[in-house]
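In the two assemblies presented below, chain A is common to both, partnered first by chain B and then by chain C.
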Partner chain A sequence: RPQSGSRLQVSAALKEGRVSPTELCQRCLALLRSTTFLNAYITVAGEAALKQAEESEKRYRRGQPLGVLDGIPIAVKDNFNTAGIETTCASNMLKGYISPYNATVVQKLLDQGAVLLGKTNLDEFAMGSGSTDGVFGPVRNPWSYSRQYKEKSVPKSRSEDEESNWVIAGGSSGGSAAAVSSFTCFAALGSDTGGSTRNPAAHCGVVGLKPTYGLISRHGLIPLVNSMDVPGILTRCVDDAAVVLGSLAGHDPKDSTTVQDDFKPFELPNLTDVSKLSIGIPKEYRAPGLSSEILSLWSKAADLFKNAGAKVIEVSLPHTCYSIVCYHVLCTTEVASNMARFDGLEYGHRSDMNKSTESMYAATRREGFNDVVRGRILSGNYFLLKQNYENYFIKAQKVRRLIANDFMKVFGSGVDILLTPTTLSDAVPYEEFIKEDNRTRSAQDDILTQAANMAGLPAINVPTALSERGLPVGLQFIGRSFQEKQLLTVAKWFEKQVKFPMIELEEVKRHDHGVFQHQKSASFS
Partner chain B sequence: QKVSVEVLDHLEHLALVDFRDAEGVERLQKAIQFADQLHEVNTDGVEPMDSVLEDRCLYLREDDVTEGNCTKELLKNAREKVEEYFVAPPGNIPLPKLEERETFLQGS
Partner chain C sequence: LAPWVPVVGLEIHAQISSNSKLFSGSQVQFAAPPNSLVSFFDASLPGTLPVLNRRCVEAAVMTGLALNCRINKKSLFDRKHYFYADLPAGYQITQQRVPIAVNGSLSYSLCIDNKMSQMVTKTVRIKQIQLEQDSGKSLHDDTRSQTLVDLNRAGVGLMEVVMEPDMCCGEEAAAAVRELQLILQTLGSSQAVMAEGQLRVDANVSVHHPGEPYGVRTEVKNINSIRFLAKAVDYEIQRQIEELENGGTILNETRAFDSKLGCTVPMRDKEGKQDYRFMPEPNLPPLILYDAKSLPANINHQQVVNIDWIHERLPDLPSVKRAKLVERYGILPEHSFTLLNEDGLTEFFENVVKQTQMKPKKVIGWILNDLLSYLKQHSLRVKESPVSSCLLADLLNLLEKKEISSTAAKQVFAELWKGERKTPLEIVKEKKLEVIQDQKELELICQAVIDGQENEVIVMVLG
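Now for the complex of A and B:
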């Protein structure tokens, strides 16, 4: 099969009438129904999606599509508000909560004619790196069921086959990553606070973009850490990420933390000459626990750039090792504040306890939050106590500046892009993952992704190769603030060089009526 | 250094969230231990950073009413309401003291 050269252009297909929006929607919904074992979706809005698809079809017939995204099925992580559709954050606290409004990013996608298939699964309130700690159960990595993984794994006994062997999707946007990876949608929204879009992207073999803080509106994204959260974009190829970014970026009066600079959507050039590029390899990202496989891939990637004429140099980000500790304090403290809104009065779960306001709040929160969330709230409150404020919260804010400054120094010295691994290893089996607690796991897994959130920088995971176990491994590019075009251009060049293989899933093949056929990177643009 | 029961009790009051069991308390202990690593870093002369956008001005819009009148929508999600009010149980009643509360900390 030809590699990334022959990509089915779904958008072009829609325009030319080779496939209709309703057909596309129905195919995706059918595939979704046959892959429910992945548990990627919490809510499927099938009827509403078909209506949207019908509207889109009318527009195409009139020759007036709203844009490239018109009729394209998408999914949204369940921590974004979606009008009329349940938004749960995978928590008992918000079970049954029907948002009265759309998050800005959701509205923008709908305004472009995108077809919203449903809300995807995550770790409760986006706290976690495995998408295993939500009330609707864990997300399964679609690659667990791929031919590539199955042929490499040795089942211990006949009965112990796929059921115990399946691997995690990564987190906390695991549902979105799994949805894109299994072809049930063409793009999905995630969120990224410590790596929550890039981590599952790496594990599920898809592109995961974390934009610059302040570029995309957070209005309607249920906040975790206001100073670090960003909406994330998950797609099957870099070009698609650029298209989605183009429709989402820009100032939003409803989010005063979005910058007022003019944003112009861009098309990515096909870079052929990388000789003017300077790629930095931060030595501290050779973190303890980094698998030799990934280390070797990282090294090969650096050589790839070098052999193509780019300048590749080792750089230093000395405070990298403190980013997790710093994040731990800043995250728990902001969480302590953000979670205070859940008191049962205005929305969400409310306890039957009626003795007093305080006891009702306490019981509601006792019943509504899982261990992870409660743990972070309590830790956060500890760090914010008067006697601890200076030593922990302010201290962490100072360390944050040191981490941000490290990046500024390196970018100021002429480096254009940083190249690092995204994760320490390929996806681990669920049974193994749950042996360690959430905080330990997050601390381990976020180490390569977190610092970019500290500094507010754009970063992207590009699927690079399959591991020895037949699972995806990705590499990360980190760019300068608001230089998404340069970042994505380099990422696209790299994607073209590595030709990451397509997932071979039985269910996809069965539902492939030529819609998904010939898709190596399955671009919709 | 273990966190005292007084502080744990205080935290449960402030957070209105419970530790639930020994594991919950242990979780906090480990979190503090982990955070203590911050003290290894020399931050003399470093200003705290609260936002990466600190060099920019926040957007301020005109103080005009452009939306609202969505009382019905907003009340839809509340469990207890009367006309246009959210109904809360009586306020100004503090949480019972440690000895009188049903909390794991009682045993400590």
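Now for the complex of A and C:
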């Protein structure tokens, strides 16, 4: 019986020699190969991973593992720089780009002995909420192929087959979420700017943690919005997220926006008494378009806390309704700025057009970026024009301050944690999702997750239950700045109560030899 | 014809003297092999972030204090966007909203009517000093239709010093820049050598009639020396006056100074006004500076810059040095200007004074009239002088002791200049330039002369 505590379930197995790092790595790679239809990975670094696994094995044999993550297969979203392994951001602009350096978070994982299996798929440059708009094609939600979904789904017509019924993984870190959800790795890095880690985590039934802004280094994370981006952590249980957080958090001199304070990794206590807890339910998160299913689940969750003795109160975050437009202005302006470096001169795609430097730049950028990226650049530049700056950028900054103040007021009034839905509904079929454009989708899907990025607060998706369609639904907890320990402790308690079911995937069953078995098995609701 | 009032303002970029660049650790070095001093950040590799160089902040604070500015305890960084091959990120990190120092002044002196005897002091207001990144260099190879880009300079720290339009002619602009150059070199915050691109000056020039509003101004670039600065400004003033008197108008444009032709020409590259789409730099928190009062108790000293600490350690500025020289040695103010104006000359002068009994008031004549003119004639710097301060002191001692006449001394000096390593005494003996002190010997010589010139003597005696 795996112990609970601050170790990844499988690391116990590694330590006790029940499985070796190379075996583990090979099994994950084999499972990966048999689930390529998910399109979760852009690059698989099989050979390098096996070498890392061999090194790890030597260390275990000597009785000197580097830490809890030694030998653990992980995956990294393809917008993090990885030395020697292609980093594409799912864009033609960076196809074939081999970075000369590792992002700080990647380096930290490697220094702990983690085995890097590969780079995961995403929306191009992390712009999107479905992981459908990258040049390598969309990511498929593993739950599309689960027994739970298949038995509930009713094909609309006879000619329809499984192929066209698959649902999106959410985005933009869909590849990482799918990789963790389908057991091809034990943890994955994502990024979160408006919900990009929590959204796919909810759709794929995994834990998705957005840490406090400034806690984890962004050095090496190719930026979308510098003032909101954070590296995100995707795992199958809350304890694992805490372990990964412990190995990543802390000041990085290479990133001037990380806080100087010392960070002490923590073990999550097993909370039994929630009577001292005050849970806030923000009424504005009952957003238009929120499915009745999720509304009911949210309500059940609130009752769960109430019945366990916690104080559950309704609170108000009055400026929530302005967050979409505010985000739109601040995001596009930063995108316009951050993308200015992609001109084909030093790296990346360079057009053959060479009549002049300017024409080369223009052609390179037209060829290298998809419509979504180009659209945001144009909008962003518009808002930054001298005549527009005051009315758009400055105004949006002020609204952002108001949104952040909403949270401060609520947390200042004695509320410890906020409980909200993560998404408006369970994952929609791909065919339906693409009927609306990226901008519309993003605007709809980000509403519940964005505000936490505006305010820089930590937030986590905890898989809660299966929907009527047999797909995962998660709920979100939002905590105070730098209070990840409290946030994760409450999330862990909740996770224990709901006992979210394990995905029943053919391929996983075939490759599993007891190693992939997760502790939780019973289901909630 | 109504008189014209020319108005001249300056934007000066001084490269900060530091080991590494403003936001990255790559080295700062002149004339290194192309693209050999480029970090990932300088090349704008995606995912890299700026980290502020403490030394650059200190250099800017020093300079601000020396220019009587108010140092802003909180200043901000911004992005200024435009596309150009030598700007890898597509934006420059600068300080547009709140720069590090504001509202200062610079005093400089001019000679009236080209005579060194009358000097007048003028002041120009310093609008601000801001920290910003230098760009790389691009060279256009027209034969091969290509542009060569060298990023060694990309990201080097600059202080942009903005001088208000308080100047009225080329001479004033030149004198102000010269004084700024001396200040920067004294502080060590910039080596300010124009020939190496460490000091770049752009001039803003306009003319108007007294009592009327300021005229349209042009910006003059590509000025490579202080001498050319004066020429460019004066040419542009003249050009504008002529244009306006002929009924024309002045365009708000950028012009380049052509040193060969001695005139300004419109620059080809400028295509109308650019909107730089300024935006705060999100990866750099506000720059907070402290003074003795505001310094928090338990702070890591590596992480803070203390304005008062820097103030206490400022060296004597040129104006103070000059005053001290005048007071200490009794030389004229205009002498002190010349001394400071030549690199190493003050030191040379003081070394000579130390080693000789001759009064400094007399020594200065030798330094400025003899040494300096020889140096200029041979285009040598003080460092390269074949006559050392030691040798000159020896020579002056001989003169002071009246062992040689001043005419003889000049001869000896000319000999010394040949650099044949002879001492003044050796030269005197060789050329028999000694003053004869012995009365008897002198009488013998005089007698010999008189004896040899009997007829002339009779004529003289008879009146």
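Note that in this section the second predicted complex is superposed on the first by the 505 of 525 C-alpha atoms of A that agree within 3 Å, B and C clash if a C-alpha of one lies under 4 Å from a C-alpha of the other, contacts with A are read in each partner's own complex, and residues count from 1 in each chain.
In this section, contacts are C-beta pairs under 8 Å (C-beta built on N, C-alpha and C of every residue); 3 or more make two chains touch, one makes a residue touch a chain.
The structure displayed is predicted, hence computed values, not measured ones.
When the two complexes are overlaid on their common chain A, residue A:336 makes contact with chain B and with chain C alike.
In the superposition on chain A, contact of A:326 is made with chain B only, not with chain C.
Of the two partner chains, neither chain B nor chain C is touched by A:37. Contacts of A:266 after superposition on the shared chain: neither chain B nor chain C is touched. In the superposition on chain A, A:100 contacts both chain B and chain C.
Judged by the number of chain A residues each one touches, B leads among chain B and chain C. By the touch criterion defined above, A:399 lies against chain B but remains apart from chain C after alignment on the C-alpha atoms of chain A.
Within the superposed three-chain model, A:361 lies in touch with chain B and with chain C [touch as defined at top]. Put simply, chain A uses residues 100, 227, 253, 256-257, 260, 336, 343, 345-347, 357-358, 361, 381, 385 to touch chain B in one complex and chain C in the other.
Across the complex, chain A meets chain C through its residues 80-81, 87, 89, 94, 99-101, 103, 218-223, 225-227, 253-257, 260, 333-334, 336-337, 339-343, 345-347, 357-358, 361, 381, 384-386, 389, 393. Looking at the complex, you find that chain C touches chain A at residues 40, 43-52, 79, 81, 83-85, 88-91, 147, 149, 275, 277-279, 282-285, 303. For chain B in complex with chain A, the residues that touch the partner chain are 3, 7, 10-12, 14-20, 23-24, 27-28, 30-32, 34-35, 37-41, 43, 46-53, 56, 58-61, 70, 73-74, 76-80, 86, 88-91, 93-96. Chain A makes touch with chain B in their complex at residues 97-98, 100, 213-214, 227, 251, 253, 256-260, 319, 322, 325-326, 328-329, 332, 336, 343-348, 350, 353-362, 365-366, 369, 371, 374-375, 377-379, 381-383, 385, 391-392, 394-402, 404, 437, 439, 443, 455-456, 481.
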